[in-house]
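Input: structures, listed below.
Below, chain A partners chain B and then partners chain C, in two separate complexes.
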Partner chain A sequence: MLKAILYKEWIKLRWAVIVIAGLTILSLAYSIGMINYYIEFQGAFQNWMYVIGKSLLLKNIVFVKFLPLITGLVFALLQFVPEMSRNRMRLSYHLPISEKKLLLSSVGIGYMFLLAEIIFLFLGLWLVVSINYPAEVVQKALLSTIPWFLGGSAVYFLTAFIILEPSWIYRIIYGVVSYGIVTMYYEASTYDQYRSLWAFILIVALMPLTILFAGHRFRRGTK
Partner chain B sequence: MEHVIECRNLTHYYGNNLVLNNLNLQVERGRIFGILGKNGMGKTTTINILMGFLRPTSGQCLVLGEESHALSPQTRQKIGLLHEGHLAYDFMTIRQVEKFYSRFFPNWKAEHYWDLMGKLGLSHNHKIKNMSCGQRSQVVLGLIFAQDPELLILDDYSMGLDPGYRALFIDYLQEYVREKDKTVFLTSHIIQDVEKVVDDTIIMGYQKLLLKMPLATLREKFHRYEFRSAEAIGKIEADDNLISNVEFVHDKVTLYSFKPLKEIKAYLEKIGINNAEIREIPMTLEEAFIGLTGKY
Partner chain C sequence: MLNKLSRYIIILLIILVAASYLPNFYSMLFDKKLNTPRLDYSAVIDEFVYTRNYGMGQIDYMDIQGNSYSERDFFALLPFMYYATLEKWQQLPPTLKGVELNSKSIRENSQFFRIRAQDIEFPEVPLYLMFEAEPDYAQLIIPEDVFRIGNTIEFIDPVSNSVIEEKSQRFRQAMLDAGFTFPARIVAGNPTNRKPFDEGYFISDANNEVFQLQMIKDKPVCIKTGIDPDLNIRQIFISENMRKEFYGWFITWDNRVFQITYDNYKVRELPTKTKEGIYDYDADKMLYRFYTYPINKHIYISGDGFMKMIVIDNDFQPVAEHVETWKPYNKRTASVIRQCIFPFKISTATPQKFIKLQIEYFWWKGLISVALSLLALALFSRKRPLLDYLVVLLTGVYGLIAVLLIKPED
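Our next item is the complex of A and B:
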């Protein structure tokens, strides 16, 4: 049954997965171009001051920063809008599988694809930064991307939660709260601004539970 | 006698609006049960409760022995559900949707599905969202038959279907159900179709059940009488006892009743309407439905 759910989610996501993978490659190519540009035109010394002194490297490469967010949003929309239009979620709830298993596996599969894209981007960035900078800079720069990847994950779960909620008033409320939560992951502009990422990781880890809440409300016929 | 569906004292409010008022019904195994009623009488509410998408305000609804809002996956495997509007995964193709569903049902009978798909004349890679309502209904019906369920719940199966597709639907349903001794619970607005296929029926009125009986009994016991009398206007009123409904068109009076002609004649004489040339007019189920529920 899990294979069947994977099959269904893959049908909805396959083209987006391919397009996002293509965008990721383009973003990485763009990143190489930008970094080389900074080195070429700023000069190596000034660039070093910029990267070490101001602790900035990837911040200005907007594609890299927001690609996980866009990916999370697109995947959640593609997965769950078709399920909720015309109450089509009823089809899934009537399948001979428990409600919790159904929702968690649907979200789990979507997140698996998102995570694959995030890991692909992360490894690509590692390669890109390693070309020109020493290990200490690479480590700092990559650590600075983790809140963005967590932000992308948060956007995926929260978008799914909002779409699965049957009441429009609640959707608006959740939307406002979600905006506040997601913003937290994009506030830092330099390395090490987040003292501890564990709280942010925990928040994301708990988000799938919200899906169960929305699903339960739909099942009860709450409008 | 085994009851596949059993509702006891089912009551439901939407806010302060009472929609179901102590509804009691039982559906026996192997029967086709039709639920009829005008819009807003609670048919969809009853179906939603049966399907587990609505918790009743009070009362109980059992499907295959389990509470309808908490059916186990094993029990849901035995229920074929047709949602209003022939809901389907529109983003899938004919081939993909069969492949998806087949993995959930160990007794999947693919030949039933492909038999119906063969009649569509479409490529198996044709997306469901690009189909007409009638074509989609065939896909949904094929999936239900392939599932080989014990119980079929069909919510307004005729919605959006032209006469051709409705006839195809009924033909297939009749063959399938009779051959395999299935139980069916359906709603429809097309009464003449229901008449061909249903064994038992309930007709729902405003906050009450108007009728609950086998269709054969309804045909035998529910009568329509007509006569002409200008003096009858205002003298005859419907009640729960003798006259189910009365209609006046100029001096033509039409009475609907479960009572025989003899009793109706006696009643008319009692209220001073004598020498009325009253006669019984045969009626279809649709006319009986209108007779019970009224035209407006």
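Our next item is the complex of A and C:
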């Protein structure tokens, strides 16, 4: 049964996965170009001074901030909007699998693809930054991306949650709450500002469970 | 069962957002600015003076005896602060208590530093600049490489992004020869060329011994300073000054402040304790400022609700101390009401510019919020599961909002 769901979700997501992977490669290539441009025109040493002292690298890798966020949003929309239109979700509930398992598997599978994209981006970034900069800069740059990856994951789970919720009033409430939470992951102005990330990770880890309540409400037909 | 858990996680998220935004929203609407005095000490009348700015040009110039002054008279009381203006008004006397008073000599014999929470720990990339301490030119030259120091010292060339082995080895050897034990701990310097000269870096090693590392005529010079390793140093700050009285200053984990003097690196402790006790310097909560003047020295310790000033003479002997206080933030009306409405608040900002999830509890006034919320829940809603009451008990008004918004499904 799980294999069938995996295939179903893959069908929905496959083009998005490929497009995002392509965008990732393009963005990494673009940032290599940008970094080289800065180094050429500022001189290697001066460029390092800006990178170290003025967090210049955060501008060069700004796409890393937004790519996971957009990916999370797009995946959630592609996976769950078709389920909700014309009550298609009701059909899926007649399959030989519990409603909870169905929802959790769908979200789990979607997240696996998102995680794969994130890891791909992370490794690509690692490569790009280490070509031109020393270990200290690489470490700080990579640590700075972790809140953004968590933010993208949060966007995925919360978007799925909002889509699966049948009532528009509740959707608006969830939308406001989601905005409040996701902005917490994008507050940094310089490298590696987040300390004790465990709390932030725990919050995202709890998010997948919220969809069960929405799905339950949909199944019961409550508005 | 899982559905119930799911609902409570949604409630948790709502509480998280409410606790982060609502208290700040309330503060934004109701906080009022308090008028705080600015304290100083006049060597002319040997008394503390202060100003209070009421806005729209109305400023009180007073001394702590209660006498008030005109602006001109007040400036004349503080020649070491307002010498430029007084010279322009031709009101600067030639000497005061044997100390010459003219712009040049006052400027040359004055120095100032401060220690803020964000100066002690802050996000940084641990790569440093080693300046040539005796350059051929009239000013300091910015080097072409950076160095890292941890288990060893390495110079890196940005053009090739690789280690400069030869230079790194020379510095490594010089440090080991001076008795340095890797790994290094505190690395403190002044990485700018806009200073009169360069004293390199003061670095503490694995045994808490502090060394000075400089580059003189392209050669590494590492000297053991002999500063007591048991002082438990928290952070060192270096600032080169033409007066050459001290290399810099440092604070310890027990909130003591010392200067590192040019007299063979002997350290000199600065006043951090006050006669009231509660205004003793606490590096995480207060601001420390040290002003050196030709005639005396001023120390300011300031925090929420007070500004303490200690005056010492040029032999570092105490002359006087005084404190001005005002209502600290948590005792002001708007804040007190806020504490009654909200049982706690969640924030991510720290004074050190880090981002960390923090909860600040408003004990005991927050219990009022909890009690009212429980009452509201009982009145406005029928048949709630016990767990809902527990949530409101723990989180007060935030839980109330969350639990009322998200009705339980059976």
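Keep in mind that, in the parts below, the second predicted complex is superposed on the first by the 218 of 223 C-alpha atoms of A that agree within 3 Å, B and C clash if a C-alpha of one lies under 4 Å from a C-alpha of the other, contacts with A are read in each partner's own complex, and residues count from 1 in each chain.
In the analysis below, a contact is a pair of C-beta atoms (placed from the backbone, for glycine too) under 8 Å apart; a residue touches a chain by one contact, two chains touch by 3 or more.
Computed from a predicted structure; not experimentally measured.
For the composite obtained by overlaying on chain A, chain B and chain C can both be accommodated side by side without a clash. Contacts of A:L209 after superposition on the shared chain: chain C is touched, whereas chain B is not. In the superposition on chain A, A:M34 contacts neither chain B nor chain C. Legend: residue contacts after superposition of the two complexes on their common chain; A:L73 is shown touching neither chain B nor chain C. In the superposition on chain A, contact of A:R220 is made with both chain B and chain C.
Between chain B and chain C, it is C that contacts the larger number of residues in chain A. By the touch criterion defined above, A:L6 lies against neither chain B nor chain C after alignment on the C-alpha atoms of chain A. When the two complexes are laid over each other on chain A, the CA centres of chain B and chain C sit 140 degrees apart as seen from the CA centre of chain A, to the nearest 10. With both structures placed on the common chain, the touch criterion links A:I97 to chain B but leaves chain C unconnected.
The gap separating chain B from chain C at its narrowest, counted between C-alpha atoms of the superposed chains, is 9 angstrom.
Contacts of chain A with chain B, set against its contacts with chain C after fitting on chain A, overlap at residues 220. Looking at the complex, you find that chain B touches chain A at residues 48, 51-55, 69, 73-74, 76-77, 79, 81, 83, 85, 87-92, 96, 99-101, 103-105. Contacts from chain C toward chain A in the complex involve residues 2-3, 5-7, 9-10, 12-14, 16-17, 20-21, 123, 125-127, 144-146, 148, 156, 158-159, 161, 348, 350, 353-357, 405-406, 409. Put simply, chain A touches chain B in their complex at residues 1, 3-4, 7-8, 11-12, 82, 86-88, 90-91, 93-98, 219-221.
Interface residues of chain A, counted against chain C in their complex, comprise 44-45, 47-48, 51-52, 100, 131-137, 140, 147, 170, 173-174, 176-177, 180-181, 184, 187-188, 190-196, 199-200, 203, 206-207, 209-213, 216-217, 220, 222.
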